[in-house]
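Shared chain: subunit A. Partners: subunit B in the first complex, subunit C in the second.
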Partner chain A sequence: MTRALVSLRGVSHRFGTDGAGLVALADVDLEVPDGQFVAVVGPSGCGKSTLLSLVAGLRQPSDGGVWCDGERITAPMPRKVGMVFQEANLLPWLSAIDNVAFPLKLRGIPKAERRAGAARMLTLTGLSGFEDKLPHQLSGGMKQRVAIARGLVQDPAVLLMDEPFASLDEQTRMLLGDELLRIWAETRKTVIFVTHSLNEAVYLADRVIVLSPRPGRVVDDVTVALPRPRSFAMTSTERFGVVKDRIWQHIRNAAHA
Partner chain B sequence: MRRHERLIVAAVVLGAVLLWEGLVRGGRLDASLAPAPSAIVSALLRLAGRPEVLTSLWVTGWEVLAAFLIAAPAGLFIGFVLAEVPALGALFRPLLNFLFGVPKSIFLPVFILVFGVSIPQKIAFGVFTTLFVVIMGGIAAVESVPRELITVSRAYGATRLQIIREIYLPAMAPILLESARLGMIFNITAVLLCEIYGARDGIGYRIAAWGENLQMPQLYAALVIVAAAAVAVNEALRAAEARLGFWRHRG
Partner chain C sequence: MIRAGQAALYLAILAAWEILPRAGLVPRLFVPPLSEALGVLAAEWREYFGSLPTTVGEILAAYAIACVGGIFAGQLIAASPVALRTILPLIRGAYAVPLVVLYPVMMVWFGLGPESKIAFAAVYAFIPTMLTAVAGVAALSPALGETARAYGATRLQQILYVTVPASLPSSVAALRLGGALVIVGVIVAEMLGAAEGLGFLITRQRTMLNSPGVYAGIILVLAMTGVHELLLRRLERRVAAFRDAE
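Presenting the complex of A and B:
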């Protein structure tokens, strides 16, 4: 296996100004190799999203540290880490292409150049022809494609996804899952994907990290040994069921504990 | 409005004016209370040629503009601070809500005591009246900024200044213009009230004088001028609001 691109070492996170508040994460160690697709699952409120915000540099861990590509994360590193949120969170006054170009604008890249980059990303995410549409003219699934394009526009090594399909209907969610796998196969990003859906986690990921209820700890680290490219038919195979069942046992045990 | 709707509106207005004219000419409407539209138009043309009337319009326009230029940025700033600093907001917002509901005209005598019957008094009262509207608008505008967009911008490395320029300003612009428009309506009302109540010049002063002397054509002509000016300001701000708020959902 290749070197770890993202590392969390001894990471704990407590909310509250003096760190005396709610403990969201406790002593999490995680090494994610370059190019891996990792899903993070766990019961509601287990700190999955907190974990992502630590890698995004939006929060600092109370203990331990987070590294990306050998550099300790103390602030957002947008050129190395792209992020996609549960809601598309597009800027409603910008067209699709300008939304995708927004991270480049923040870096002061000239308009023509950033639009060229954004147009490539819209093509990659299957949205060519929709460059000039405003967010309210796009469907939920299309908005999320724009958000994915925005996450990839700086060609970051890591793409963080915080339940990106949770507010979409099931069919759109499955179609976008396949789209995401195609994009991932083309770009070979390291993806950390937080989700509530065990099906989604097993279907998409190389590896599933299971967190315990709050405070979140890593209770299992499951390798998904299904071949690529994934297909819908695999979801009814025995191997798929075994992996999903193993994860489900943890979630169920946690609920009864 | 669609084309045929505009035509209907124009026809109704024209019909009403013609009916009015006919009623006055037929002796059914008292010309000393409601002079015929033709008499109002000829008064309007006469007034437009009199330098003292133009000076009065200029004085009022200047007072309104000065009050607005003071009240709008000040109100915005106060609204921004109250929305962004929770402690100050908790302290002052109940007081503000209370004062917002009080009719400001009852304070007019106080302004005359402090400033005398003067142009600064008109401006100060205009500011006082407009300020509350703009503060409320400023608070609403800040609160309309989606917090998630700030998180997104931070994740993509935006500086504080960039967050203000790229997120706050465009998100707030339509609501700010809307509150500027409302503020302007209150502002014009306040300045005219001041002038009618007591002044040495200004179109409100002329309106009061014509009214007291029962010079109805002049009075109505002045009403037409003031109404036209107010509608023009209102529509200009509304057009700007629509332009900057093109991205907001309609319907």
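Presenting the complex of A and C:
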């Protein structure tokens, strides 16, 4: 087995000053090997997004620790970890290419160099020809492609995705899912993908982590033994159904509890 | 269609200004006919337009202090949660004080010349400009700042690359308010105590009960605020792209 690239060990997170408030995550252990595509699912409010923000370094765990590539995460490490949010969160006054280049600008990379890097990423995400468009001139799906390109522009080892397709319509969501798998196959990033959609989780991921309702704990860790490349036809196979059903049982039991 | 309606409305107001006093429906001492006011402006143009350099100079100086300073201070305060809870309530409280009570004090400090007008107008416009700027930053979604932070932006980079450009439209709104208040502040200060300037001229005409002369001055004040408004609309159109946020 390949070594763990991202590790969460004994991670708990409480909100509020001095950690007295709401418990979002309780004692989470998770090891993600290099190159794996992991989906995280669970009922609303189970701390899925909190988990991602801990790996992104945007928050610090109350207990335990998070490591990436052997280094403990205490602040954002943008060169190792890229992040894509639910909304594209593009700067509306910057063109697509300048939005993609923004993380490089923050590091003081010269303009010509960062534009060249950003242009490559826009090509990778299927947006060549749209470099100079402003965000409001792009569709929701295209904005999210720009956000993915921005997430990949520093060639990080890990790409975190926080319900990246949740605000898109279903067809766009399915098309972008296939695009994401193509990009993943080309770049072999480690992906941690938070989603509400069980179909999306099983279709995209190698492995699905199921969290319990708040405080979030890992209640199941399911390997998706479907061959790659994935195809739409697989979503109606028995194996797909079995995996999805197993995850659904957890969610339903949690709802009854 | 709307433009024609607007033009008709303006024409109707100007026509009423001319006709109502002439028809005796409004006493001429209160509102003299438009043509009489314009006549004074034409006959004594040297004196009226000669007062403009002083007044415009005071306005520009106070504008720079109140608007640039107010917007800058607003950005700084909005960036600091501590300042928002300590300094901001104090300034809000100060805003409730009618600042015109300060003008006699400022005349003692700065004399009868332009300095006291600049100081008063700058102070008068600073607080509302700053509060508008703070409100503009507070209304921004935190998502963009959080995204920048995830990509390693420092606090200063967040302000420079995200907050300042994102709040440009509200900065223009702050300029509009601050600029209008600066014009009011300078004219009022000149009317209360000065040796030159447009406000001084208006007051002098009033003490002589020369209504056409007073209105000639008012027309010039209107022209100044009109120019200010036009310039700001241009600026607004320029930053409109920033408002096309999702």
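Operating definition for what follows: the second predicted complex is superposed on the first by the 257 of 257 C-alpha atoms of A that agree within 3 Å, B and C clash if a C-alpha of one lies under 4 Å from a C-alpha of the other, contacts with A are read in each partner's own complex, and residues count from 1 in each chain.
Definition applied: contacts are C-beta pairs under 8 Å (C-beta built on N, C-alpha and C of every residue); 3 or more make two chains touch, one makes a residue touch a chain.
The structure presented is a predicted model; accordingly, all values stated were derived computationally and were not measured.
Chemist: With everything superposed onto subunit A, say whether subunit B and subunit C fit together or clash.
Modeler: clash
Chemist: Identify the partner contact of A:P76: answer first if only subunit B is touched, second if only subunit C is, both if each is, neither if none is.
Modeler: In the superposition, A:P76 contacts both subunit B and subunit C.
Chemist: Once chain A of both complexes is superposed, is A:L58 in touch with subunit B (first), subunit C (second), both, or neither?
Modeler: A:L58: touches subunit B and subunit C.
Chemist: Once the shared chain is lined up, is A:R115 touching subunit B (first), subunit C (second), both, or neither of them?
Modeler: A:R115 sits against neither subunit B nor subunit C.
Chemist: First (subunit B), second (subunit C), both or neither: which does A:H13 touch?
Modeler: After superposing on A, A:H13 lies clear of both subunit B and subunit C.
Chemist: Considering only touches as defined above, state whether A:K143 meets subunit B (first), subunit C (second), both or neither.
Modeler: second
Chemist: For A:K48, select first, second, both or neither according to whether it touches subunit B, subunit C, the two together, or no partner.
Modeler: In the superposed model, A:K48 contacts neither subunit B nor subunit C.
Chemist: Stretches 4-12, 22-30 or 148-156 of subunit B: which one clashes with subunit C?
Modeler: 148-156
Chemist: Residues of subunit A that sit at the subunit B interface in one complex and at the subunit C interface in the other, please.
Modeler: Shared contact residues on subunit A: 56-58, 76-79, 83, 85, 87, 89, 91-93, 102-103, 105-107, 134-136, 150.
Chemist: Under the touch definition given earlier, write down the residues of subunit A that touch subunit C in their complex.
Modeler: 56-58, 76-79, 83, 85, 87-93, 102-103, 105-107, 134-136, 143, 150
Chemist: Going by the contact rule set out above, which residues of subunit B touch subunit A in the complex?
Modeler: My answer: residues 146, 148-149, 151-158, 162, 166-167, 170-171, 246-249.
Chemist: Which stretch or stretches of subunit A touch subunit B in the complex?
Modeler: 56-58, 76-79, 83, 85, 87, 89, 91-94, 102-103, 105-107, 134-136, 150
Chemist: Which residues of subunit C touch subunit A in the complex?
Modeler: 143-144, 146-153, 157, 161-162, 165-166, 241-242, 244-246
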